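Some structures are shown below for you to check.
Each of the two complexes below includes subunit A, the first together with subunit B, the second together with subunit C.
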Partner chain A sequence: MMSLKVQNNQLFHIDEISFHNKNTFHENVFEALSKDFRMIGLFPIDAKIPHRIIALLADLHTSFIHIVGGEFPKEQLEFESFANDYPHTNYFECELAENNGFAILDHPWLRPVRKQNVINGDEKYNFYKLEGDEVHEVAVGPIHAGIIEPGHFRFQCHGELVYHLEINLGYQHRGVEKEMLNAKPAQRIILSESIAGDTVIGHTYAHCSAIESLANISTSLRAQVIRSIAEEIERVAMHLSGLGGVANDIGLAIVSASYGRLRTLMINSLAALCGSRSGRGLFVYGGVRYDFNEETIKKIIANLEVVKKDVTEINNFLFSSTGALTRFDGTGKVKKDVAKQVGMVGIAARACGIEIDARINTPYGAYRYFPVSLITLPTGDVFARARLRALEIDESLHFIFEQIKNLPEGKLCEHTLSGKVESVITEPNSGVISIVEGWRGEVIHASFTDANGKIVQYKIKDPSFNNWYGLSLALREIAISDFPLCNKSFDLSYAGHDL
Partner chain B sequence: MELTTFVRGIISLLVVLGFAPLFAGLVNKLKAIFTGRLGAPVLQPYSDLKRLFRKETINANSSSFISVISPTINLVAVVIAAAMLPIGFERPLISFEGDIILFAYILGLARFFQILAAMDIGSSFEGMGASREAAFAVFAEPIFFFTLGSIAFISGLTSIYEIYHSIRLDNVTYIVFIIVCSISVFILAVTECSRMPVDDPKTHLELTMIHEVMILDNSGVDLFLYQYSSHIKLFIYAILETSFFYPFGIRSYTVAIVIFVVVITALSISLAIVETITSRFKMKSIPHYLLFATAIGILNLLIYTFTV
Partner chain C sequence: MIEAIKLRILQGDPIIHDVRNVSLPQLFRGLPVIAEKECPAGCSSCINACPTNAIKLNPVSIDLGLCVFCPLCEEVCPEKIIHFSNDYHLASDSREKLNVTQKTKTITPEKASAKIISYFGKSLKLRQISTGGCSGCELELNALSNVNFDLGRYGIDFVASPRHADGIVITGPMTQNMSRATEICYEAIPNPKIIILFGACSISGGIFQSSSQTERKFLKENKIDLFIPGCPPHPLTFINGLLDWLDRK
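Moving on, here comes the complex of A and B:
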């Protein structure tokens, strides 16, 4: 197999990638996929040169990412689809077709990813439709009854039973990737903080790692640990919020309110560190902007101790409540092999028994020295996804306690603070792939520069991109009234998918 | 009918119509307190109704005259049912032989028009809500007839007022009877008024709603009529429950008012507790719950038979 092998955050030269013609490209990618590698990206290496593309294939077992290049004749942007054999590639192919006008031959299900009238032109996209006298279609959204993000859901039902759900997104498309290319260096961090409001730390971490690798900036261990603590605080906060949401969807008001109360403590801890409850403004290229002092450490530890004590009690109440368990057990089941085939990631995948966690598979930052445990559950239902979150809260709290009490010495920021951000000079003709395990799953930022060191391609992949289809599959053959519960147990981002 | 009875009947009806939103507000306030929140003011439902009443009504293009008339029919039907309720020891405004049937089916009429109007709009949400409402109504009806109807059957009386007055169990079994009756009427109230654990009145999730989804496309005065009638309906069931607690021998206003206030408060507390600590049932297991309530109703019948 002809490919370039790189690791997470490893700087590589673009010339190291060999660009193959259509057939060799197909053969190489196919070979990689047949070795159980997982596609994590498929896009042009320069946003302005659509005919030179690369496929990123991650090997879970060796922490290597394989890069296969392909160069196509300008007027014939096409290749055979991989999706018939490896279904998880299909959405990446759709994205490539939509963004860069590729014709994916023999694609099983070419559908819009974000822009409604690109792939099919002005022709209306036909949703998969069940026909018969007793079946009916329920269309939900894009405007919902609650204050949630927009997304369109089509259910094909027989009575209360769902046979098929199709999810159509793109209403939140803001052109983040394009903005990244045009943005001034000082604006990029702010942009990455706004990719998905619930994964501020995750996306910003991935962005900073990517740019730091490109600019050869190193970070001190102290800064890395502070970043990891922030990431774990975000994880605990969002897991609490997700558990609260799940409890709210089954009407368990007291549990929902209690999780909400604890979540406030977590995000307040983040605010104690950096002044923003969602962690905005914490990251700078080269490190972090704010340091722990004795007062903040005391405050955060006090908060965490309350959370640790109370969350055990609430978890015990929730997971021993018969009412909750009858709602959770067996609802929205995704089998492990199916989850693997469609390329699910993050908590949704771990709840199906797949051992995938970027903190362990492709360690980065402080996780290289202070590893966390991988937690998986086998059943793949709402129960597993909720329970997994409860377990991950414990693990993350443990990590935070450990690290915050033993902060290593070191400079806060090795290179520059925001005032001098223009001095961050990215290497010419280089690329980097940065993977971070956000609370929802792997967040991938890939960045490439041209001969002048200007960033010419910036690709972002939120875990939601992989998992929305998993939600569709979870809905098969269950009652439509259980959809909100399933949806909340996956807790996917619209903004992260739509970019 | 004497004039004074008539006036007293009117006063009873006004009590129901006036205090209905307060009861809903009280339940919501208590629920908020139990979950550690401050909550909206107890009088919030009144403000909500006032706000809705001032708003413009917009009907879906696809809807017919059914959508226009049904909110009014719904409210009128519920008010008529309210006029048949015995509050304290007073004879209600409408009371005659066999009014128990009218009571049950005038509420049925209200529901029927609400379901029709929901389907009239032509949205799949409302259709789904209508089908759920109709399905669960089938299971809820026996509860009413096994609880109140059983007493009617045995005592041979068929007016709600007289049925309640016929309950004269002077020994310990009266307490047992009241407890069992309270449970079945409580479950009935929860089902008919779409409260937890059958339906979640606070949810924003269209796909899980039963009652709320049927009025999703209503606005302004129409929504006001629906909301108000659902407040009254909840209060009607609360009063049905309360009436079991009057010792009907005593004709004292003080005692009656004290019992009324105490039982209504106790009821709102228990509703709030149930809504706080229970989770909603799976849609398909709601019928089991309702059949359970029917079984309790049958137990009622047995207790009453053997103790009268």
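Moving on, here comes the complex of A and C:
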């Protein structure tokens, strides 16, 4: 197989990638996929040159990412779809078709990713539709009940049973990737903080790691540990929020309210560190902006101790309640092989028994020295997705307690004062792939520069990009009334998908 | 049952009783205070650093409608002229009032008209629309209903249907793909109705002000009743803004 092998956050030169013709490109990508590698990206290496593309293929077992390049004739942007043999590639192909005008031959189901009326020219996209005497269709959204982001859901039902759910997104499309290319360095960090407001730390961490690699900036161990502590605080906070949501959807108000109270303690801990409840302003290129002092450590430990003690009681109540378990058990089940085929990641995948966690598969920052445990559950239902989050809270709290009490010495920011970010100079003709395990799953930022060191391609993949289709499959042949519960158990981001 | 009561006891008394005078952490970035000092000749560090073009010089002013409350301007100013205080009272009924100068000591919205207060003063039901909001604002709006902030105690609630609502709260920079849905939703709300903009994105486009994927016609054509600045705004900024505007204690 002819590919460039790189690791997480490893700087590479564009010349190291060989760009094959259409057939060799296809053969190489196909070979990688047949070795059980997972596609994590498919896009042009320069946003302005659509006919030179790369496929990123991750090998879970060796931590390597294989890069296969392809150069196509300008007037013939097309290749045979991989999706008939490897379904998880289908959405990446849809994205390439939509963004760069590629024709994907023999694609099983070309559908819009973020922009309507692009793939089919000006023709309206037709939703998948069941037909029959007693079949009916339920359309929901983009505006839903409650304070939630917009998306459109089409259920094909027979009675109360859902046969298929099609999820149509793009309402949140703000053009983040394009904005990244034009942005000043100071704006790029703010943009990353606004990719998915529930994964501020995850996305900003991936962004800073990518730029630090491109600009040869190192970070101190202390800064790496502070970043990881913030990441774990975010994970605990969002897991609490998700469990609260699941409890709310089955009508367990006291449990939902209890998780809500603990979440406040977690995000207030972030605010004690950096002034923002969502962790904005913490990251700078080269490290972090704020340090722990005795007072904040004391405050955060006090908060964490309450969370640790109370969450055990709340979890015990929730997971021993017959009412809750009846709703959770077997609902919205995705089998492990199906989850693997469609390329699910993060908590949704681990709840199906797939061993995937970027902190372990492609370790970065402090996780290289202070590993966390991989947690999986086998059943793939709402129960597994909820229970997994409860278990991950314990693991993350353990990590934070360990690290916050033994902070290593070191400068906060090795390279530059945060205010002088304009001096960050990125290497010419280079590229980097940065993977972070956000609370929801793998967050990938890939960045590439031209001969002047200007960033000419910036690609972002939120875990939601992989997992929305998993939610569709979870809904098959269950009652439509279970949709809110399933949706909350996946807890996916619209903004992170739509960019 | 007993277990549920135990959980209730465990909750203790988490509610913020006095939402008017909470002391937020020192690091919280709220109302910027601009010192009455001269800028060094030719210095434009803060303007160059600001990611959202929120700052103007001679004299120094910060537009909180654009500001994302990052600490960059405070960090780069050689004379320490700009400092973010932890004052969370930032809501305003007018876009102009969000422009903070040396003279700004506090921001309070004018009271709403007698008609609005008589309609909504004791009960206000809102419908939220996310128009490209990253979920940062949405999380803070959701937090308003938790046990700490408990917005419902003031008769203010978020409802599911626009038909049940008295107004909308908009988050996000108004993407092209959401602009039509927003109009339809607004039309579905019975008169009289109000519009509240929550967060820098909805007020000005914020970090997405130059994006080609937004369509802000709706926001320009309709009267905005209340602006809640922040990225995301603190829940207390929203509560206090509404209480002031509705002339509540």
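The rule is simple: the second predicted complex is superposed on the first by the 499 of 499 C-alpha atoms of A that agree within 3 Å, B and C clash if a C-alpha of one lies under 4 Å from a C-alpha of the other, contacts with A are read in each partner's own complex, and residues count from 1 in each chain.
Just so it is clear, a contact is a pair of C-beta atoms (placed from the backbone, for glycine too) under 8 Å apart; a residue touches a chain by one contact, two chains touch by 3 or more.
Treat the numbers as computed from the prediction; the structure is a model and nothing was measured.
By the touch criterion stated above, A:Ile195 is placed in contact with subunit C alone, subunit B being left untouched.
Applying the stated contact rule after C-alpha superposition, one finds that A:Ala103 touches neither subunit B nor subunit C.
Shared-chain residue A:Phe483: touches subunit B; no touch with subunit C. In the superposition on chain A, contact of A:Ala302 is made with neither subunit B nor subunit C.
Contacts of A:Ile425 after superposition: neither subunit B nor subunit C is touched. In the overlay built on the shared chain, the residue A:Arg289 is in contact with subunit C alone; subunit B does not reach it.
Shared-chain residue A:His136: touches subunit B; no touch with subunit C.
With both structures placed on the common chain, the touch criterion links A:Leu374 to neither subunit B nor subunit C. Subunit A has more of its residues touched by C than by the other of subunit B and subunit C.
In the overlay built on the shared chain, the residue A:Gly251 is in contact with subunit B alone; subunit C does not reach it. Residues 145-147, 254, 257-258, 261 of subunit A touch subunit B in one complex and subunit C in the other.
Of all residues in subunit A, only 136-140, 144-147, 160, 247, 249-254, 256-258, 261, 321, 323-324, 326-327, 479-485 touch subunit B in the complex they form.
Listed in rising order, the residues of subunit A touching subunit C in the complex are 115-116, 142-143, 145-150, 170-175, 178-179, 182-184, 186-187, 189-191, 193-198, 200, 241, 254-255, 257-258, 260-261, 263-264, 268, 271-278, 280-281, 289-290, 310, 313-314, 317, 417-420, 422, 493-495. Put simply, subunit B touches subunit A in their complex at residues 31, 34-37, 124-125, 127-128, 196-197, 200, 202-208, 216, 275-285. Taken together, the subunit C residues at the contact with subunit A in this complex read 3-4, 6-8, 10-11, 14, 24-25, 27-29, 45, 48-52, 68-72, 75-76, 128-143, 146-148, 158, 160-162, 172-173, 175-178, 181, 185, 201, 206-208, 210-214, 231-232, 234.
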